[in-house]
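The following pair of complexes shares a single chain, subunit A, combined with subunit B in the former and subunit C in the latter.
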Partner chain A sequence: MSKRVVLSLLVASALSTAAFAEEPKSGGVINAVIQPEPPGLMVGLVQNGPTQMVAGNIYEGLLRYSPKLEPLPGLAESWSVSEDGKIYTFKLRKGVTWHDNKPFTSADVAFSIDFLKQTHPRARGNLAQLDKVETPDDYTVVFTLKQPFGPFLGIFEVGSLPMLPKHIYEGTDYKTNPANNTPVGTGPFMFKEWQKGSFIRLVKNPNYYIKGLPHLDEIYWHVIPDAAARAVAFETGKVDVLPGGSVENFDVPRLTKLKNVCVTGAGWEFFSPHSWLWLNNRSGPTANKKFRQALMYAIDRNFAKDVIWNGLAKVATGPSASTIKYYTDKVTTYDYDPAKAKALLKEAGYKGEKVRLLPLPYGETWQRWAEAVKQNLQDVGINVEMIATDVPGWNQKVSDWDYDIAFTYLYQYGDPALGVGRNYISSQISKGSPFNNVEGYSNPEIDQLFADGATAFPDSKRDEIYLKAQKILTDDVPVAWQLELQFPTITRCNVKNLVTTAIGVNDGFRDAWLDK
Partner chain B sequence: MSKFWRTMLRNPGGVIGLVILLLAIAIAIFGPLLFPTSPWRMVQRPFLPPFTVPGLPLGTDALGRDVLAGIIYGARVSLLVGLVSTMAALAVGIPVGALAGYFGGKVGDALMRFTEFFQTVPSFALAIVLVAILQPSIVSIVLAIAIVSWPPVARLVRGEVLSLRTREYVQAAIVTGQSHSWIIWREILPNALSPVIVLASLMVATAILLESSLSFLGLGDPNLMSWGYMVGAGRTVIRQAWWITLFPGIAILLSVLALNLIGEGLNDALNPRLNKEGR
Partner chain C sequence: MLSFIAKRLAKAVVVLLAIVVFNFMLIRMAPGDPAMVMAGEAGASDQIFVTQLREKFGLDQPLPVQLYRYVKGIATLDLGFSFRQQMPVAKLIAERLPATLLLTGTAFVISLLLGVLFGTLAARFAGTWADTAITILALIFYATPLFWVALMAILLFSVSMDWLPSFGYETVGANYTGFAHVLDVGAHLILPATTMGLFFMATYARMTRASMLEVKRHDFVKTARAKGLRDAVIQRRHVLRNALLPVVTLAGLQAGTLVGGAVLTETVFAWPGIGRLMYEALLQRDYNLLLGVFVVCSAMVLAFNLITDLIYRAVDPRIEFAS
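And now, the complex of A and B:
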């Protein structure tokens, strides 16, 4: 099964390379699935997954990112960094207009920064080192930082820092502005209509600033609440695009076996969903480092990859996903080795104390995964009790540190300073969030490394620092890293050139076209 | 007693039911001796169809676990939940019904209003809410099933007691100054028992179904392999692997059917008016 998926992945990538050679055709309507229905499309105010996915067609960021996370021109056509790493100068593209034909200028950029600092928690964190924004002319923006911030060039993607129209929002109450219902951006598609519970319709922006783009005339985002029904909608041809996570994993091999269906795991490099088991470092058997190492040896992660994720994953080697910056695989690695696990358990002095395992309540796949891990652990003699819970219960238990082992996965946002450090530095130990240093790992050396890593300049220095941090962490095993997840995007093969950047479908259908 | 068995055995349905139930009980008790490995263990490739690999006659599920081992261990859970929750329901329902029927008046009214309070809530919805609040575990499931299934017992017992209470031998016992508890225990309840036994056999069947439905919805005890869980876990892959849902489904069907047949047989054997020899 996994072989087949890998094969179709190869076919898909071969096809997408071939697509570059082909002449794109204009016109056509695409039907895609959006799951769940977004609460709104104004991405400056609402940042959940489905909002970002649809809004990526309407709004744009200053930069886009290649699958290797190198910055590409977006609304900014060029950029430069001063030698001390504190001043970033962006040159904006000329001739860009909002959907209501007002020009897009540097004033909009400065306004958006101000707006997002109030409404977008992640943007606020990303902009913590920002001292001031200056706009010497309509097409130049100068960012001055308090001190060098290595990941700064990585925060301009449309979901992290979307550009918002100043002329519509200035001086209004952002949250109640009626324009939130009819979003206006600079993107390749314009909002047309939204029938709640049914579909969102976007139409081509005829005045888009890149001549010839977009190729498509319209996009329909269909709201189909049931996973099985979404799979059926794809089979019957009602929809042509299933973005990552729209169908359950076990449906992926069946759907990709259909004629004219292509699948790709690409387009998640920026988010790099990384899964691991929180291990409570404070109390119980998991407080013992040897016990935690034993867990790493006891769990058959290749089985989880092949059977539970149908091969659409990669065994994680440590705290960083292999797709983000400064990743290294030159660390202590843990292969499946039950004998070694048993020996370590003995050394740790484990005497069969009960260990509670909390699965992630996100559906079948995660439940099966927890069952497999539980069996792995029981095989080496760990007394595991599975705790059943729903999403609020999971959130509460994890945020209150009321667990021994708990499944999770988090995004990494391309840079260890943005998406990795938060889970290991001791200043992030605080009850009430399931996304911070929930395991309670505390190591002054790691704290210092991540503090230095964020502000070190240039890149070679950061590389050195994060290499060291990854080595220490993989020795200490504060959490048990499992898999780098891939959420496959499934399309008809005649949908060409859809996933081209590090945020995949979230970057919109700008370059996509339909082969008839 | 021998008369009871003769009537019981003359009912072919009852015999079939009894045979199936005894078989299920034997599997529940001795099965794990034949299958010493945990039913959760991944033993082979996932999605193996039945009868393709020796030793795995019913194939494997989505993780490569033995479906047959799951059914055998599931029998334990289903029968245990069925029996224990029925006992618990009887332990509540019989005293409530007996007291309400015997004392009548305000006490009886109060007890019956209390009973009706439970009956007005749809029982399955109430069971789901209870299990969800108490966190799914074998104890909370048994408790939930007992709570939703005792009201019919109370109503039945009350009806029986109401009619028995006016019989002359009961009146005589009252006149001779026997204590209330002695009269209820020794004079009334033994005579009210036969319809309760019939009801109890059907309640075991209902409890098995309830447990399966809860597990199917993901509200089962996550540490115990049960038939309902197997059906629920296999449901989403039914188009690729029908056997994962079919076999545990058959197991549920057979055991519930067996209990219903037994109930029927018991009804014939215990009810004198239907008893042919009594005519």
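And now, the complex of A and C:
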């Protein structure tokens, strides 16, 4: 079969070389913060943020991604796609072993796919177009799709599709396997110790398949539940790394002004955290398109960006973040214009009905933001009632559609088919999840566009489809897009090369080193 | 005395059962369940995922069945399995208990000793500048929010002076042993134990002062004075001893809550204790873990109430056990 090589190892090597401008030094220990404490480290079973952050050192995926979301070699050293876009052939690295010294082979890949389809809701969705997995030899894996799936090469990072050891899990009850407490991966660091409530300790994998890596001897992940205490731990030199979101936003400017402190906003390109207000399209004032448009004009998003988020954000223009594929800003835009908002409210026939606003219970920054939005809405005459919840209560209310306006932010996973469509297509209207089409927006044209966009091949066709979808959505305003969020990673300046890929700290500390 | 203890124990079992049932129902009235929380944390979820979790945790069963299973477990001293931490609840509590007892026990001792001492001094020198100073300080410590005191203590002693560690139970990675380890843990203990102790010290001081002033007015004190006893003896033997009963009551109540830890102190100082475990379990709707902590804490409160009654007898021999 004629094949087209998508990206060669040579290009990847060149990218990696560019990142190593300084000569790395070996040895040393990094202390980082993790919050909240992860429930487990077996990333095939637990997919929350802290788990992925720690487990990204232990486990690996077939691919990694550059900040421009181009695939880079991971456990696969090369890959190719058939001309019809339905067959993907991966060549695995040779000489890779699990932390218990058993060899990593294509059988592990096939097993992992089967495992994750049972336990990993996002992988289950990403693999919906997968017809079969074949392993013609120990180092070749062939994925055959039912139909082309545009973002297929974008689903192989460690959090989305981690490789799991077949020899440990095959024939066992995955959820109760004792190995879940002592995770075994192929990654640059091995699990060593976990004192619950205090720290997780990882040590260097001496048999890592890339010679000279990792540079560090150990990583300690400290569990510090209070945001102010985390900031102090960094300030007093007890920790070296504050991954994005570890401290309250208003502490960031203070910490980054300290001596020998460096900051980067990179490493979030794949996730692209995008915030918006869910607007209940089913009933109440928010069911009216003009009311929803009025909200967009009523909210001063630049104020939120500059004051609430200290400039660590970008005003969102629509359903896609500017960092993901097929983004366009050639859409209907909504600048802060209270007069226009009032006029639209009048056209919508709004009579001052009470509107329930649910803040996101993720800390002080989010609370302040909700208060600012409430003030904006009251200024144009909207009667707002703030409903306080904790995280489980928020999940429950949003999943049960029991709200009028609700704050949220979600990851976009680099591609509209992976992280955008789910919030707007009508097949995703289903109670029980705070991540799907929670607002209840239903538009057959949008359904068709996202269906076509996911399966269009080659890529050039997708561009046109998603451009159209973004235009329709920004006109309909099913939700009120707010900000593209930035969660800066703050480190001591002697921590080098920590963030090198599109998933940043979540990709592990493989390339990081300490300049002593 | 034995029959008194046996009767109190029998009552305690009934009370404990009532507490378990009440808490079991109360927790389930809060919105959201562990499956929803874990699905929420996964960054993506579908109905299959939530259903899988509910089945795994037994949350798909009717509430009476869940309650029956839980009570049956408690009867065999099985506190169940933590949904989120993926560990037996008893093991989790046992892991955190030493740290909590060290923190709360130290705070308890500091607060009791200093509280009674300052309360006695304030009563002895009532109306003088010493009394005023102690009363004002006690009022400040009593009224100031604990988390604020904690943060100010961290700013002063950790950030500005760099004298004491700001978080944790020990220096992670230092691998101290023997006396060096004791010193290391001690250094980590100073700020949280003192912060927590200040509040209780204030309550003991106020209570002791008020109680001693009350006792001082009684006739037997006048008699003792008329007999020509030295003031120190009167204060110690007649006034303080009689004034201690309400302090013992208060101490008994506080001692019962020691196992429950200190949510705020443990959170601010990242102290790996039961209080934090309970707080996190509540936020994550980790029903079994939360109930497990409640059961252990309730049992301790009941036990300390019994011990307090026994101490009453020792402090004041006039008190007799109800037969």
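What we mean here is this: the second predicted complex is superposed on the first by the 496 of 516 C-alpha atoms of A that agree within 3 Å, B and C clash if a C-alpha of one lies under 4 Å from a C-alpha of the other, contacts with A are read in each partner's own complex, and residues count from 1 in each chain.
Please note the rule applied: a contact is a pair of C-beta atoms (placed from the backbone, for glycine too) under 8 Å apart; a residue touches a chain by one contact, two chains touch by 3 or more.
Please read these numbers as outputs of a predicted model, since none were measured by experiment.
Student: Let me test your reading of the model: by the given contact rule, A:434 touches which partner, first (subunit B), second (subunit C), both or neither?
Tutor: second
Student: Taking the superposition as given, does A:91 touch the first partner, subunit B, the second, subunit C, both, or neither?
Tutor: It touches nothing on subunit B or subunit C.
Student: Touch check for A:47: first (subunit B), second (subunit C), both, or neither?
Tutor: Touch status of A:47: second partner only.
Student: Pick one for A:371: touches subunit B only (first), subunit C only (second), both, or neither.
Tutor: first
Student: State whether A:387 touches subunit B only (first), subunit C only (second), both chains, or neither.
Tutor: First partner only, subunit B.
Student: Scan A:233 for contacts with subunit B and subunit C and give back first, second, both or neither.
Tutor: Touch partner of A:233: subunit C, not subunit B.
Student: Can A:397 be said to touch subunit B (first), subunit C (second), both, or neither?
Tutor: A:397 contacts subunit C only, not subunit B.
Student: If you stack the two complexes on chain A, which partner ends up touching A:223: first (subunit B), second (subunit C), both, or neither?
Tutor: second
Student: Answer with first, second, both or neither: which of subunit B and subunit C does A:314 touch in the superposed model?
Tutor: In the superposition, A:314 touches no partner, neither subunit B nor subunit C.
Student: Which chain, subunit B or subunit C, is in touch with more residues of subunit A?
Tutor: Between subunit B and subunit C, C touches the greater number of residues in subunit A.
Student: After overlaying the two complexes on chain A, where does the subunit B footprint on subunit A coincide with the subunit C footprint?
Tutor: 228, 389-390, 393
Student: In their complex, what parts of subunit A are in touch with subunit B?
Tutor: Listed in rising order, the residues of subunit A that touch subunit B are 227-228, 248, 250, 254, 303, 307-308, 359, 364, 367-368, 370-372, 374-375, 378-379, 385-390, 393.
Student: Note which residues of subunit C are touching subunit A in the complex, please.
Tutor: Those residues of subunit C that touch subunit A are 30-33, 36-50, 52, 56, 84-87, 92, 95-96, 99, 151, 154-155, 158-159, 162, 165-169, 172-173, 267-270, 272-273, 276-277, 280, 283-285.
Student: Given the complex with subunit C, which residues does subunit A contribute to the contact?
Tutor: 29, 31, 36-37, 39-40, 46-49, 119, 121-122, 124-125, 175, 180-181, 195-199, 201, 218, 220, 222-226, 228-229, 232-233, 235-236, 238, 389-397, 399, 410-411, 422, 430, 432-436
Student: Considering only the defined contacts, which subunit B positions touch subunit A in the complex?
Tutor: Interface residues on subunit B, with respect to subunit A: 38, 40-42, 46, 62-64, 132, 135-137, 218-223, 233, 236-237, 239-240.
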